[in-house]
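Chain nomenclature is as follows: A, B, C and D, assigned in order of appearance, with residue numbering initiated at 1 for each chain independently.
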């Protein structure tokens, strides 16, 4: 029993609620296709490929999906990042590095938007969309686990969502920090599971329901 | 050169700006005096004692200080925490575990408030106070490094503050996760320094200035 | 047809969703009992008495209720208010003016908390609680309509909630600004209704259901 | 003396602080050029023309300027707006109605971004940019006064900024609600002034200073 267990960490589990959404963090070319020095991790490739499977299952079950990329106008609206490769212009609006990876892009189905900080929640329209869809559970995927994914998990938890992290749908520059961060959040904030666990949960749901609520105005 | 350095992490430093504030995260009895199972870490004692030194220096230089504790009304307004020992009532309003540690408490000088989530910024009045004090640099201390301190650092960075973390003013249940998290944030979001570094910076400031701005209404 | 109608305002209605919460804004003694110069409006008395009826109905139907007061530590954490009577200390923590009006207080049922700005949403724990309760519809009451109620309506709308305003449960210093603000929000953001409309909606709900979700950890 | 004055409203003034920014709310073609039913107000034309003068003065004094438009992906990410003309597609990304009015557009100087709710602050990157520029005073212009401008003023105030509203730089569908809302915010949250007042303040500032801070990384 480690110091954390003695203190009472990891004693509760969370579980899926009634209405899930899949959130995808920063699966954009700058991190997934090698164009940028930031995009050369094999560990991230695994995450994209697994999330593509998750996306298909989500669509088959009518589960809402949101996806964000990071982009800025210029250095002027960036926070004090210590990552030098973010400053070469490849993460400014319009650059190919800010395009979504084609394996997980589907603008007709996915709510796609841009963020400027690590968390997918930080000053983005995600909250309003989650409320409109009556979501109580987020399934968080993306890259990198020790950066933007970690920040997104903490914000999802803080906002009162049941937060589920399929670990093989998250990627990092290296496996050590990936595991360290899953350990930290699994003790406190989120259930760390696998892609197969999420797919198994989806199978318990009625396959035909469209879980994306019809816009109330449209039915009025 | 590790995978992160190859990708461009850790290439920039941030530095102090013109107006610092000290932020103290969760130095409350529940984490610092052994009443709760969560409060039995020696590593946290070091952090409290060092932060008490930092607090005295901040007061001597007129640097604003804010301090938060975590507390809830009941399980009803808590997020889905996995830490079982948070649910025994000792972190509900009015319990001694929610009192600030006397080594760092000074309600006449410190802006003290309550939060409900990991980050000192999350849905708290801190932002308004920072704006009124024209702060551009936060110096973050507290416990635990791998939980509420990490979340606070990420939010400080995201909001555009220069974020400085004196590592010996932060404590955790165990040293491993403390170091892992300082590594992660030091690569991306914050300058990780020591108490002595911050004290040395304070000494470069005019000793007599009261850096807490007079309320503009009072001078009108 | 006025200029707003020609431009397309007021063309849609919103309606109740599946899960309502009642929000009560600033029904605290400083605004309701004449202790403060701010508390001498008859129009506010009507709002408190009507909201007390609404509260009983909400409890009978198991509908969650949240209530906020405004309070500060000192001038140091207040925004640049132009209302001089806020600066005499009667809205600092612990003063009777910050106590909830007994006609609408019930800490065993109501989620009660403190705010520092006009909106009940602004940097308060309300969002997390609404998410945990899976709320899609807010019913907003309180005082004053042209101040904190207006700000709360705009934030509720912005966060994606269906926003319902029973106008006779809202009070102001004078009736003119009350009506002006209901006009503005009714064109854009909210359905402006009456107490009787809300009570009639509650009667359509199953009377025995406890709509406050059991804490998932407790059922686990 | 009206009921509000008796209660203590309008007793304080705010004044300019040390570092201003100009914020422009929704000066986009959909509201300024008649393409949309929402864009046919003469009162808004006055506001755009006056703000163009303000913009030139701001640039001459190196004062930072931010500007937002509203746009959505589809009905799916819109809040429950009651304005029917927002749903015809003309406010979706890429439509000419979402382009900035050329009289006030200057992407090389202005921080331009997109919002989804009434307030220029609501879940947008504005806060981070304001912090980086050490802003303590916002000068708010835009349309419409009784909608997005009002919401932006309340949020600016709530975040602790000194908030200045040159009333002839704000426009509405009709003058009545414009004046009603200036009355409400002038009692509580903001100094309501004129374009000339702001220009006179700018003249007191050193004309040559570039008040947009150099990016600290660039000077490091």
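We adopt the following convention: a residue touches a chain if its C-beta (ideal position, glycine included) is under 8 Å from a C-beta of that chain, and two chains touch if they have at least 3 such contacts.
Please read all numbers here as calculations on a predicted model, not as lab measurements.
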Cα superposition of chain B on its sequence copy chain D - rotation in ° rounded to nearest 5: 180
Chain D against chain C, contact positions shared by both copies (same if over half, else different): same
Between chain B and chain C, centroid-to-centroid distance (C-alpha), Å: 33
Whole-Å gap separating chain C and chain D, where each centre is the average of the chain's CA atoms: 27
Contacts with 2+ other chains: residues of chain A: 12-14, 79-80, 87, 117, 123, 127-129, 132, 158-162, 216-217
Chain C contact footprint on chain D (complex, rising order): 2-4, 6-14, 37-38, 40-41, 79-87, 117-119, 122-123, 146-147, 150-151, 154-155, 157-163, 173-174, 177, 180-181, 183-184, 186-190
Parts of chain C lying in touch with chain A, wherever the complex brings them together: 12-15, 17-19, 127-132, 134, 136, 158-162, 216-217, 220
Chain C residues touching chain B - in the complex, by the definition given at the top: 73, 75-77, 79-80, 87, 107, 111-113, 116-117, 123-125, 127-129, 132, 212, 215-218
